[in-house]
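The structure under discussion is supplied below as structure tokens; questions concerning it will follow.
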Amino acid sequence: MINDFIDVYKNRHDYAKDWKKKNPDSKVVGYMCSYFPEELFYAAGMLPVRILGSHEPQNVTEPYIFGMYCPFSRDVLAQGLQGHYDYLDAVSTAYPCMHLGQAFDSWTLHVTQKKFYVDMPNRVQTPYAVPFLTGRLEETKQEIEEWIGREITDSDLKEAINVYNENRALLREIYEMRKADDVPLTGTECMYITTASLFMDKKDANKLLKETIENELKGRKAKTADDTRLMVLGSENDDIKFLNMVEEFSAVIVTDDHCTGSRYFWNPVEEQDDPIQAIAQRYIDRPLCPQRDYPERKRLPYLLDMARDWNVAGIIALQQKFCDPHELDKVALLDWFKENDIPTIYLELDVTVPIGQFKIRVEALLERLREDELW
Amino acid sequence: MAEMEEQTIEYWRWDEGNWKNPDMDFKDAEILTAGIDVGSVSSQAVIMADGELFAYGNTRSGYNSRDSASNVMNMALEAVPGLKLEDIHYVVGTGYGRVRVPFANKAITEIACHARGANYMYGPKVRTIMDMGGQDLKAISCDERGKVLNFVMNEKCAAGTGRGMEVMADLLKVPIQKVGEMSFQVEKEPPPVSTTCVLFAKTEALGLLKNGWSVPKVLAAYCSAMAHRIYGVVKTVDVKKEFVITGGCAKNSGIINRLEKELGFEIYKDTKVDTQLAGAIGAALFGKALYEKSKKK
Amino acid sequence: MITAGIDLGATYSKVVILDDGKVVGKGISKTTLEPEESVEKALNAALQEAKIDKGQVERTGVTGSGRRAIKDADVVATDVTADARGAYHLDKEVKTVIDVGGEDARAVKVGENGKVINSAVNDKCAAGAGAFVEAMSRAMQLSLEEFAEASLKSTQEIPINAQCAIFAESEVVSLISDETPREDICRAVHDGIADRITSMAKRVLVEEKVGLMGGAVMNKGLVESIREGLGLDPIILPDPLFVSALGIALMAADQED
Amino acid sequence: MVEKKYKTAPLKSWDKAKEIRLNIYKEIAEAKSKGKVLLGGGAESLIALPTGFDYAMLVGEPYGAAISYLAKSDPDEYMKYVEASEHAGYPRDLCAYMRNYIGSILRDKYVFGGPFPKIDFYLQAGFCDTHSKWYQAVSDITGRPYFSLDLVPFDWEIEGESEKTKDLKRKYIVDQIHEAIAWMEKQTGREFNDETFIQGVLNECESTSLWAKVCIANRAIPAPLDEKTMLSLYVLAVIGRPRNDVVEFYRELLDEVEDRVANQIAANPYETARIITDSQPPWFALDLFRLLETYGVVSVGAHYTFGLSGGWEYDEENKTWEAGKTPQEKGVEVKTRDEAANVLADWWLRTGTVCRGVRHSGAGKIQRIMDMVDRWKVDGAIVHLNRGCEGTSLGQMDIVSSLLERGLPTMTYEGNHADPREYDENRTFARIESFMETMGLKQLYEFKKGE
């Protein structure tokens, strides 16, 4: 049920520690970017958990990371330096971006030495990306096998793929439900669900998702057709406080494009003879982070389709302050939605949300979208 | 240990006061509405009679937004003997403290209100509004009714906001009302200061003074840096020549003239109304429309 | 020997008179646009306290951001060096000095004999500790003392992001309009600044004992937040405003002819 | 006046470097009228790739830096470039090279005179987040096609990357080189000349190997070169390393520098302390090196200065980096396009340290810096926390902490390599002064602002 997800979100470390108690022979591996091929690690009986920030100001990262790196990357590193992830057996990432990569490098120097690093290609648009990533994943698989001292079989992999695919399908189902005029859950609630699932054993998550869909969401009306439908998109975002503030103004967030939201689970692994290649293909084909959307701009039409399918009236683009890949899309993105007549505001996230400064921008957007009220 | 000297003059303070239109009587009006703009720095209350500016009050914001709202409303009411708060049909709050105006019927953002207010002050031709507040720069584009079409605000860096000018006025001991005028007392326009960061500009300004720059020259360099910065924000909306500035900064000719040079055209200044009132005026006008709407229901 | 140490800072000019290593007079004045005058004022006050004539001063040392304005000093050194020297004199065990001034904050790692090992100063977007508190106390309509006291009574932590002082200011304005208790806002301001100061200080690889100095450390609320941020128990150096002036006076006395 | 410790002499190669550089920019301006293919792209773009055509190439980073020089001579003019891009909506904290470059396109103004050259296509190796997207934005503006080659660098040697991983990376790049050649042929409608390409590749290896040797010569005491001079010398490799005249230049330069070492001719006749810096300098404010000189300090280089144009090969045995051995030196014959592609990919992955450092910091980058401290006999370090280039600032704070832990006096200052609004000279100079006191150095003569 939604409250259970909220509980996991808030007590993510307790969840992981409990899991470890229940699975004493298994390992917990922290990862930093949603391009990380979790299936490989899950197939090895591990629990992959996403490392996110805590949204609290901190004073521990400055000796290790430059202040012009995005607040998210600094917040992530702070979690490690403050010892919140002490239960991790390894830290890992697929090449994310320079900023999060810096957090990873510092983390391996100062916090967790055991690491896995996947050279995720950036130019996913080249045909050579799949064979390259497949090769790198095969090596990663070997590294895991050496570490845990046993083989990861094809059937382990297929099992992991099935569990992850089921999770993706269930989350998609919830997103489909948000297409309704009377939305069964708020964007804030949905963010709790998707983000909590980043920390959960997907088998547990799937069970809970099924229950939530069947027993809680079906027939529920969290918001009505009078609420203004919005989409949020941009870089990492689990700013519950922000979403909550937006939805207090008779608005509802019905879909998103964030790596902690839809981008994480949108597409399944399509079956192929070679499960490793199937996994590689999935990460190459998934919805794009701006970091990997070039030379052609494929992300913008994708976002427009999503906005239309979910019938949104306006868009709130949120990026982590100093996030270069998002900033490099800013002009194109704003032009694109202007051409396509969807009012959009663009905000920058920091460690804490300056609610006062954001309120006015959000309210002004809503006033624009609901002009009948004032005019 | 020798005494530290107390600094008593507040160079950064704008004028305060109230006003009433001497040619109007509130008893003739069908609808009386008020707009209260509780900003981070100053608060304004405007009373409008059938959509015409009738009276206002303007004062520094205090710590408590509710008190600021009440104070400034009382100030406006005091300008009109016999007028009481109960006589006013509809009150709209705007500005930072918009939801804290205790006697308001509705809160509306200053973005919508400034556009609407500018439309009243300068007429329906206005298409671009720049509001320079204490900590925000807002560039707004609007239609002939003063309806917002798009808006942009400064992000990630407060450089170039009104607060910076206050700090500078305080540092150089120049009353803020005189900053503009004084910034033209230079033989040759100096290059803009390299940083508009409020805190760094302070050290840079001190450095320039030590290098023998005159106060007007430093002000000129700072005003032109501010104009640059504002222009940068404005440029990201569709700038039209029908351009006005609202807020306290509109009174600073040192910035305005330099901004005009950058824009390559003259900014509309043709209004008799104090530019600081734009938000409150817009709010009062929305109040009238909303009141009429509520009557129709 | 009688020496005068002058610390010409951005906000205040401070002077210390030493007689054979003993402080006999101190003086302070607000730094104006005529730095020489400001120094003259502070110097006269210090001389008066010391009951010494100007002519008796044998050597003069000058430090502080405005040091270039003072001609004919025997020793000129930057604040970093003077901070370390002054702090070492006051407490031989101090290994890290944190100097919190009006505009800048600085951390100095002190080595043998008061020599500087390394130092850090706040970078862009993180300046103005003392000045920021002043502005905030003004916004809250409190005196600086009231502001500091209020903060110590706070019962909850409210995170504000103080990377840019001006934006922090608007966060404070939002807190005010949200009717957050005054004490908590005061504390939030101190915590925010302390985060910046301690972040910066950690760059010099802080070692105990930590000594605090500078005008802003007279603010108890801020000191409490710094203490928490460091996770260490710093001491406040005696006469925290005059440590640099003391340091440079000592350097003037040390100087070989 | 203090007495000079060493003799000094102006560098003879200086004028030639300037001449070749201006020639290259002139060739770009005239490329279209001379029927050449004209392309744009970044310095780390395997710039031997287009040598299969009769071509000219505008390399983005030095071009962005060239615009930033204006900040010194004509600040108003400089502002017009950077503001043009900001007014178009490109955020202010993006790479300053890129913003200057985009401003130049939007103003249709070539900083060396005339309109912005009509580029046929853009070619960029995506080795940092910004570079990959930079030319996408440029392609949005100009409508010119863009090819991006994904460059996944080797990790630092200390990480023990497997041979299999290295092979995969090499193959990934070789495949894309072939893809790029086919793409370029399609864009230009011209045939790719394998012979000139092979020569270009060999030149690229040789230029960069020679530059590494020049840097190595700077280990000598007194240092024959200071970093400020090196910045003007390495740039030729950045913009033209596959060119014959550039290879020739570096051969002569190496001779001259080795001659200076033999005769103890110093860059700074007062040399008393040696430092390294980190990241690009603020290009418009190289006076900070001049200030350091007045204290007898010579900056002997930076990871950036050494690595951007340098080919460095790891010496497993001594855990250090030496100048990369070129195919010519190894006696490897390169006869086909595919062989050349393989040589180019391998050279780049193996010997390119800046590109690697933009992807991987951590222990490897720290090791590289420590190696410089040891081998170049360094007494201190000045780290430019570069707000304009997040690629080169990767790992900087960890490097600073490591240097401090090692006991090496280290100073930081915040700035920007190509946007003067983010650099505060007064504050930086004040810090340098404190730092000099910390290092126990005295100013030997008065500092005068440079020309």
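Worth pointing out:
Lettered A, B, C and D in written order, each chain numbered from 1.
The rule we apply is simple: a residue touches a chain if its C-beta (ideal position, glycine included) is under 8 Å from a C-beta of that chain, and two chains touch if they have at least 3 such contacts.
Remember, predicted model here, so these are calculated numbers, not experimental data.
Of the two chain pairs examined here, C-D and B-C, it is B-C that is joined by more C-beta pairs in contact. Inter-chain spacing, taken between the CA centroids of chain A and chain B, is 41 Å. With centres defined as mean CA coordinates, chain C is found 36 Å away from chain B. Remark: chain B and chain D have CA centroids separated by 48 Å (rounded to whole angstrom). Under the contact definition stated at the top, the residues of chain D that touch 2 or more other chains are 88-89, 91, 93, 385, 387, 397, 400-401, 422, 424.
For chain B, the set of residues touching two or more other chains reads 96, 135-136, 155-157, 200, 203. For chain C, the set of residues touching two or more other chains reads 65, 123-125, 167, 170, 173-174, 177, 203, 205.
Taken as a graph of touching chains, this assembly is fully connected, with contact between every pair of chains. Residue ranges of chain A in contact with chain B, taken from their complex: 321-322, 343, 346-348, 356-357, 360-361, 363-364, 367-368, 371, 374-375. On the side of chain D, the complex with chain A involves touching residues 88-91, 93-95, 126, 128-130, 132-137, 139-140, 146-150, 152, 155, 162, 164-165, 168-169, 171-172, 175-176, 179, 358-363, 385, 387, 390-391, 393-398, 400-401.
Those residues of chain A lying in contact with chain C across their complex are 55-63, 67, 350-352, 354-357, 359. The touching residues of chain D, when paired with chain B in their complex, are 75-76, 79, 83, 86-89, 91-93, 420-424, 426-427. Across the interface of their complex, chain D is touched by residues 62-69, 95, 97-99, 101-102, 105-106, 108-109, 117, 119, 121-123, 126-129, 132, 135-136, 139, 290-291, 294-295, 297, 322, 324-325, 327-332, 334 of chain A.
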